[in-house]
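Below you'll find a set of structures to go through.
Shared chain: chain A. Partners: chain B in the first complex, chain C in the second.
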Partner chain A sequence: MERVATFFVLVALAAVPVLTAIFDAPFYLDLFGRVMIYAIAALSLNLVMGYGGMVSFGHAAFLGLGGYAVGILAKEGIDSGFVQWPLAVGSCALFAFLTGLVVLRTSGAYFIMITLAFAQMLFFLFTSLAEYGGDDGLTIWTRSEFSGLIDLNDGASFYYLVFVLLLLCLGISARLVDSRFGMVLRGAKANERRMRAIGFPTFRYKLAAYTISGAMCGLAGALLANQAEFVGPSVLHWSRSGEILVMVVLGGMGGVAGPVLGAAAYLLLSYFLADLTKHWAIIMGPLLILVVLYARGGLLGLLGGRRAKADSP
Partner chain B sequence: MTALLLIEQTLNGLQLGVMLFLMAAGLTLVFGIMNMINLAHGSLYMVGAYCAALFLEWTGSFVLAALLALPATLLVGLVVEIVVLRTLYERDHLDQVLATFGLILFFNEAVHLVGGAEALYLDLPTFLKGQVEIIPGSPYPLYRLVVIAVGLAVALGLYLLVTRTRTGMLIRAGASNRAMLSALGVNVRLLFTAVFGLGAMLAGLGGVMAGPTVSVQSGMGENVLILAFVVIVIGGIGSIRGAFVAALLIGLIDTMGRAFMADIMGLVMSHAAAQTAGPTVASMLIYLLMAGVLFFRPQGLFPPRGR
Partner chain C sequence: MSEILLRAEGITKRYGGILACDGVNIELRAGETHAVIGPNGAGKTTLLAQLGGEITPDVGRIHLGERDVTGLRAPERAALGLGRSFQITSVFREFTALQNVALAVQAHDGHSFRFWRKARTDAALVEPARAMLDRLGLAGRAAVPAALLSHGEQRQLELAMALATKPRVLLLDEPMAGMGASDSERMTRLLTTLKRESALLLVEHDMDAVFALADRITVMTYGRVIATGTPAEIRANQTVRDAYLGTDEAA
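The block that comes next holds the complex of A and B.
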């Protein structure tokens, strides 16, 4: 079921630019582009949370850091995507590695709190950077340039680039999870002490996973900044971390593609609810609670199959 | 002049500290006994402030409004506990974070519906508006002193409740071994509802007292909530004593950092660089402190015994 659902979602996503061109509704191109970008962010979180059991409540930090890397470089006159994007991904990997050294010493509730704390730290850092917009954020006047290879100003090209990157991240996730590395990670989630006892330095594996996850989320941040042509502290707000968490859980943590379904469901739902009433959050909140209380295993769980896996305590 | 400023900032830090303690006390009790992360605790703080603002409009008396706001927040807290949180105790932290995140979305929008989209303001009555000269020549707002006094009184009361009464004994027992307490015939569920109500009321009190110093608006509880999380993590989750020490520590460090960091950094670098970097470092200071504490003591400064 999961494969079928994923396949249909991906085909639908691939068809979006054609449909928006026919019906002349460029807004939806933006909306679904954002869905895919958040899907990448949710994928990255699922890597550490779904498989490693590390509930990070600070992934918005990477989203923001990746975005600011693009924004700050653009402001300094460096428009080349070949410089911007690797720097965005690299700085996020570095930040994840360095904070990972600290946060991975803790577990459980402490882990949730300390990841949140690091994200808040970045939030306040960028809020106080008056030179780069401070509170108001930073407008990005030109999207990343790839010296004629691809033009990001063209809606459909940008969309398909995001689509390809999403496929890439899906592929990487799937490969990682089924590799020896992924097995160790899942083993550490189930019983870390036992994994250590049989000789795996679980800390290093978790640190590697956390770094990869941060890098992947940084890519999403760079894409988001390009799409919005803006980056501001709101991207790093802690509620953003919460939203990414919601997407992962909504989609279901058992499978690789859950986050994609979750991101689509969350963003489309909030969009349509917001269309219905400006008080959309008053419906979204209780809906979320109901999902947590009664639809364990998320959308994948509802589709059947992976329920048992996602239910592990 | 510097000494005056120092005293003033110490008092400000103390004020922030006791406010944080009011939030952190509820959080840490709820976590200590039921192992539950409650993000919606900040919403209760907001509900307290909103209730006070609405009751003030209705009654015209600040004291009456404050006194009415407390049971109102208690009531909201109990309803939330019974309707939503009760089912979450047996779930993992992730489910708790998500469901209470949903509660935040709900409450932030609900206060918009009840109190309107505009921020509300709580006007102080005249008898609280004055200034006091703590040391001759430096007036300090009376209300801030009242906040400190109330906060310290509540902390003392809570300390006596937890260490000297039978209820307190049950609370401590619940924190160290819930299953055993339940096996001894204590209705842990009821105990927890009571503790949650107490925590809700303390958060509400924090909101009421903060009301006159900030604007009462949707989302006002979130920054305080995150600071309170930092407090309970540094203090050791589940420890009231740790929450108290850490709350004052955070309050003082944050306030002092904001006031003096630029000058302190000016000693080692150029004035201009210190003026830009100072506020940045100051705003990150407590998170750095938290990271440092967790690095050396992953369980916090006062980890609760018996677990």
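The block that comes next holds the complex of A and C.
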């Protein structure tokens, strides 16, 4: 069931540029592009949260750092995506690794608070970087250049690039969670004490997962900055971390594809609700509570598939 | 005498005002089953936790074979051949019985930075795991999530996991806890067959099992060792009878 749903969602996403061309509605190309970018971010969070039990409330840090890597390089005249993107992903991996050394020594509520604290640190850092826009953020005048291989200024090309990257991240996640590495991650979530007693030094595996997750989210950040042609501290705001978290919970943590459904549901709902009323949060909030209370497996769970947990690997 | 596999010297652990372990000396020799008995709160679990590396003693040293492992954590000690089962059943409840054991096999099959191949169909993990389940009489339950196994089966599964790591030394914290008579007997028979592979340090309240299995017995009360000896010596020891065994149990 999960596979069927994922398949249809992906087919629908693939068809979006065709439809928006027919109906001449480029705005929707943007909207669904953003859905996919956030889906990548949510996928990355699900790796550590859904499979590793690490509830990060600071993933916006990676979104922002990845975005600023692109923005700052662009401002300095380096437009090549071959430089920008690896640097965006690499700096996020490094940031995840270094902060992981600290945050992974804690768990539960402390983990949540410390991931939040690191994200806030970056938020204030970029707010105070006047050369790179400070509070106002940084406009990106040219999207990343790929030596003529692909033109990101073309809406459909950019969209399909994001689509392919989403597939790639989905594929990587799917393999990862079923691999030996993935089993260690799940085991550590389920019963860390047991894992250590049978001989797994769990810390290093969690650190690796956290680093991979940060890198993946950094990619989403680079994409987001390109799409918006802008990066600002708002991307790093704690509420953004919360949104990514909500997408994961909404979609369901029982399978790899949950976050994709969650990102789509969250962004589309908030868009259409915002169209109806500016108090859309009043509807969104209770809706989320209902999902958490009655559909513990999120949308995936509603599809009749699995429970909220990674229980049938 | 045979080689000493595990030795604790003067280990002490204090929790606030409680001396959970107070200068405990204990050793475990190759081929031996060494039982630790004592009333509730005597510090038996605390002792095992220190031997296993989950907690570090305030004072004292622990040797695994020749090696001083006092500063090593649980995973490192496990890698050196120390296996452990817990007083409160500790399995991966959402994983199937087979996956539980396969994960234990994996722990001792090199590093796990392997990101691509499916673990579920990895013969190097699944086959030894199946063999182990078979041995513990759980073959028919391989595909059942651990949470749905009976209490007795979960205890067996936990033992299967510990055994799958091929330990030279096995620390067992009340493997019969909460079991009915027939399950306990089955477990006792199983532990008897284990003696050939691993030295056992067995904490147990079931005195029938203890006297059936143990080559040596150490008695603890209030964090201290009050006696160590053969089962016959322990039975005859007046201090032990007063402190713990009571007349009818020791009969």
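Descriptive notes on the structure:
Convention: the second predicted complex is superposed on the first by the 308 of 313 C-alpha atoms of A that agree within 3 Å, B and C clash if a C-alpha of one lies under 4 Å from a C-alpha of the other, contacts with A are read in each partner's own complex, and residues count from 1 in each chain.
The rule we apply is simple: a residue touches a chain if its C-beta (ideal position, glycine included) is under 8 Å from a C-beta of that chain, and two chains touch if they have at least 3 such contacts.
Note that the coordinates shown come from a computational prediction; the quantities given were computed from them, not determined experimentally.
Using the contact criterion defined above for the overlaid structures, shared-chain residue A:R194 touches chain C, although it does not reach chain B. In the superposed pair of complexes, A:M54 makes contact with neither chain B nor chain C.
Once the two complexes are laid over each other on the shared chain, residue contacts for A:Y205 go to chain C alone; chain B is not touched.
When the two complexes are overlaid on their common chain A, residue A:L223 makes contact with neither chain B nor chain C.
Number of chain A residues touched is higher for B, counting chain B against chain C. In the superposition on chain A, contact is made by A:V184 with chain C only, not with chain B. Within the superposed three-chain model, A:R175 lies in touch with chain C and out of touch with chain B [touch as defined at top].
Contacts of A:H279 after superposition: chain B is touched, whereas chain C is not reached. Shared contact residues of chain A with chain B and chain C: 313. Contacts from chain A toward chain B in the complex involve residues 49, 55, 57, 99, 102, 105-106, 108-110, 112-114, 116-118, 120-121, 124-125, 127-130, 238-239, 242, 245-246, 249, 279-282, 284-289, 291-293, 296, 313. On the side of chain A, the complex with chain C involves touching residues 175-176, 178-184, 186-187, 190-191, 193-202, 205, 208, 309-311, 313. Taken together, the chain C residues at the contact with chain A in this complex read 52, 54, 73-76, 78-79, 83-84, 86, 90-95, 99, 102-104, 106-108, 112-120, 122, 125, 145, 161-162, 164-165. Taken together, the chain B residues at the contact with chain A in this complex read 31, 35, 37, 39, 84, 87-88, 91-95, 97-99, 101-110, 112-113, 222, 226, 229-230, 233, 237, 276, 279-280, 283-284, 287-288, 290-291, 294-295, 298-300.
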